[in-house]
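Shared between the two complexes below is subunit A, which pairs with subunit B and subunit C, respectively.
Showing the complex of A and B:
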């Protein structure tokens, strides 16, 4: 395995379409809930320990060799709003295209064939990490970093927040990222013995509600 | 169930009273409800076993459904308690369960996480309404709640959950609540909410944004397989809370609501008025 592969996978320029999504930040800015670096940090921390933990668990399990179709069903059960299921599958399809070109593998081919409209993005990312020879922990790190870097980058554009301040927010979240990765990886290790129910299912009511509100906006800067 | 006696007061005794082990002071109680469809078509309750603070009352019914009210006879759960309710609706039966009052999670006299487990089972052709009153997490309380529902393929369910974080003007205790709904062997919904002291990120713009009451109303009906419920966004007229009605990835509709208080959450859930096929 190559640690450099993780940098390729987690690079914001990896062509998997993530840049078009704010992770709920656009709706939070419009509602006046993100106004500066401090409120961005709080938002990111909340997203990280809920949606981020769930996504990291799914990715770690996929990277560890759990059945990706069962994980895809588990992702559906953990995503009660259709706006977020649609986004996750769309991003999953884009991630699949990039991953198959970058780290071709029969496992990616099989998932692409079984879910032609796209599997949930964290599942595809986990399988891409596996194809790249990376470990479950690596996949979880890629996911949690994306969970907070997406909103931070979006808020730089939405609020004209100083990019230095936004990057400092990400740095301050580092120990939270470590903690969530550890929790996600530990949960994924229980899946072979206890089943998919061992994976985290932490939800954020407002992320669900506002994602569905945002999807109905006639004009928006970000797709989600 | 086992209801341990209170610690014996040491006043008037020469020797200091032995402190009972923590386990002996904790409450363990399992209440059971089972409904079956009688040949007449009306549903009966062959099992109605209350336990500890979970007293059960049979209510009059005019439409053939079996009706039960859970009466909270004590303030529970408190630290270290383990309470459980099991309800089963047998094939073709119709069971409606409500509660007389809110459930109040309290800190108790000794530290420890309390558990409150609800296990629901709905057989083919049966319907279960599980409509308790809100769970209120008093300051200092620490509760893990699980609600596990097993539905047969043609079963129908109406389930409401409301969580109120702290009594009026009070900080919240800690609550972790997991709701898992399986239908015909497949997981339809798996969600965990966690709020309160020691839970990172719970009181943020991504999760609650200062709201102190959360509610969900879940309706499962095979009829939604053909015609899923349309997405609707609901806002309280006075700005006190917001909600969405969404179809799950399966024949079910879910209302998710957040609001400043219990009353506002209930209003949002009621406003959703999900059409049911029965």
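Showing the complex of A and C:
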């Protein structure tokens, strides 16, 4: 495996559509729940330990060779609101395009053929990591980093937050990221013996509710 | 040079997802894709609307809009009924219009592909032309060659007659530079001849069209240029 490949995959400039999404931060800013670096950190920590853990588990399992279609169903079951399912599939399709051009593989082709309008993004990301020769742990790292860096970047734009403060938030979350990755990878290792049910299924109801509301806003900067 | 050409041999389709590939999966040449960029308020949406009206009886057309924070451009085109709603798609750009047309074109490529898929068998036959309109941006915004085949940069005389002199990637490299709202030049004190001279200095042989898009048949020079590009595109290798 190549550690550098992980940097390519986890780079915010990887052309897979993430820049147009705030990970729920736009709704939280509008509601007054994110107002500064401290509230951004609290938001990111909450998202990391709920949606982030679930996504990291799915990605680690996909990178470890679990059936991506079963994982895609598992992702649907763990994504209760239609708005976030739509976003996850849209971003999955964009990730698929970038992954097939960068690390082509028969497994990516097979998933693209089975889900032409997009599989859930963490599943595609996990499979992309596998095609790049990366390990489940690497895929989980890419996912958890994206889980917190997306909202942090968005809040810099939404609140004109000092970008150094936003980056310091990410640095302070590093040990949380390590912990969530370890939990996700451990769960994914249980899947071959115990089935998909071994994957984490936490949720953040407020993120779900506000995502559904945000999808109906007539004026917004971010797609989600 | 492709260092991973072994992958190209095993996965020849890996590069078939962007404008670099001129054919549809069935081997026919796909619709030509033309991007329209330029600063806010220069008349991009008005140009798209006028192009649709001028060309819709002879060509099968679709439009992708890239609004910055609203769906206003798409809704304007729908309200004006320049095309049926199924031929207009809006892409959301997350506060960065140039990112969506240059650095990360994935959402726009999907919009283009979906239009090709859904309209290929419908009334009017396969698409001939897809117009991709950028959100209003600055003078450095250009379209990726992975997204469009040709690009038009739209500026206007009221935005300052020094813009052609200032140059920038949009002004200097676009396949067509449109300088719009010439009818306003006397009222804003813009020197059209100076703009033409500066544009020539920046662009060499690349064409410039002076237009008053909102006047009767004002889009004609742009529509003619689009017809030429389409003829050139269609004549390319199958």
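Assume the second predicted complex is superposed on the first by the 224 of 224 C-alpha atoms of A that agree within 3 Å, B and C clash if a C-alpha of one lies under 4 Å from a C-alpha of the other, contacts with A are read in each partner's own complex, and residues count from 1 in each chain.
Here is the rule we go by: a residue touches a chain if its C-beta (ideal position, glycine included) is under 8 Å from a C-beta of that chain, and two chains touch if they have at least 3 such contacts.
Predicted, not measured: the structure shown is a model, and the values here were computed from it.
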Should subunit B and subunit C be called a clash or a fit once both complexes are overlaid on subunit A? fit
Under the stated touch criterion, which partner chain does A:22 make contact with: subunit B (first), subunit C (second), both, or neither? second
Which superposed partner A:98 touches (first subunit B, second subunit C, both, neither): second
Name the contact category of A:189: first (subunit B only), second (subunit C only), both, or neither. neither
Just checking: does A:107 make contact with subunit B only, subunit C only, both, or neither of them? Give me first, second, both or neither. neither
Superposition-derived comparison: subunit B or subunit C, residues of subunit A touched: B
Classify the contacts of A:222 with the two partner chains as first (subunit B alone), second (subunit C alone), both, or neither. second
Can you pull out the angle centred on subunit A between the C-alpha centres of subunit B and subunit C, to the nearest 10°? 130
Going by the contact rule set out at the top, does A:207 touch subunit B (first), subunit C (second), both, or neither? first
Of the partners subunit B and subunit C, which touch A:165 in the superposed model: first, second, both, neither? neither
After superposing the two complexes on chain A, what is the shortest C-alpha distance between subunit B and subunit C, in Å? 20
Residue numbers on subunit B that touch subunit A, as the complex places them: 178, 180, 186-194, 199-202, 204-209, 211, 214, 231, 233, 242-244, 246-250, 254, 256-258
Residue numbers on subunit A that touch subunit C, as the complex places them: 13, 15-22, 90, 93-94, 97-98, 100-101, 104-105, 109, 154, 157, 218-223
So in the complex, which bits of subunit C are touching subunit A? 7, 10-11, 13-15, 17, 68-71, 92-96, 99-100, 103-107, 109-110
Using the touch rule from the top, collect the residues of subunit A that touch subunit B in their complex. 24, 28, 31, 33-34, 39, 42-51, 73-74, 76-83, 85, 176, 179, 196-197, 200-209, 212-213, 216
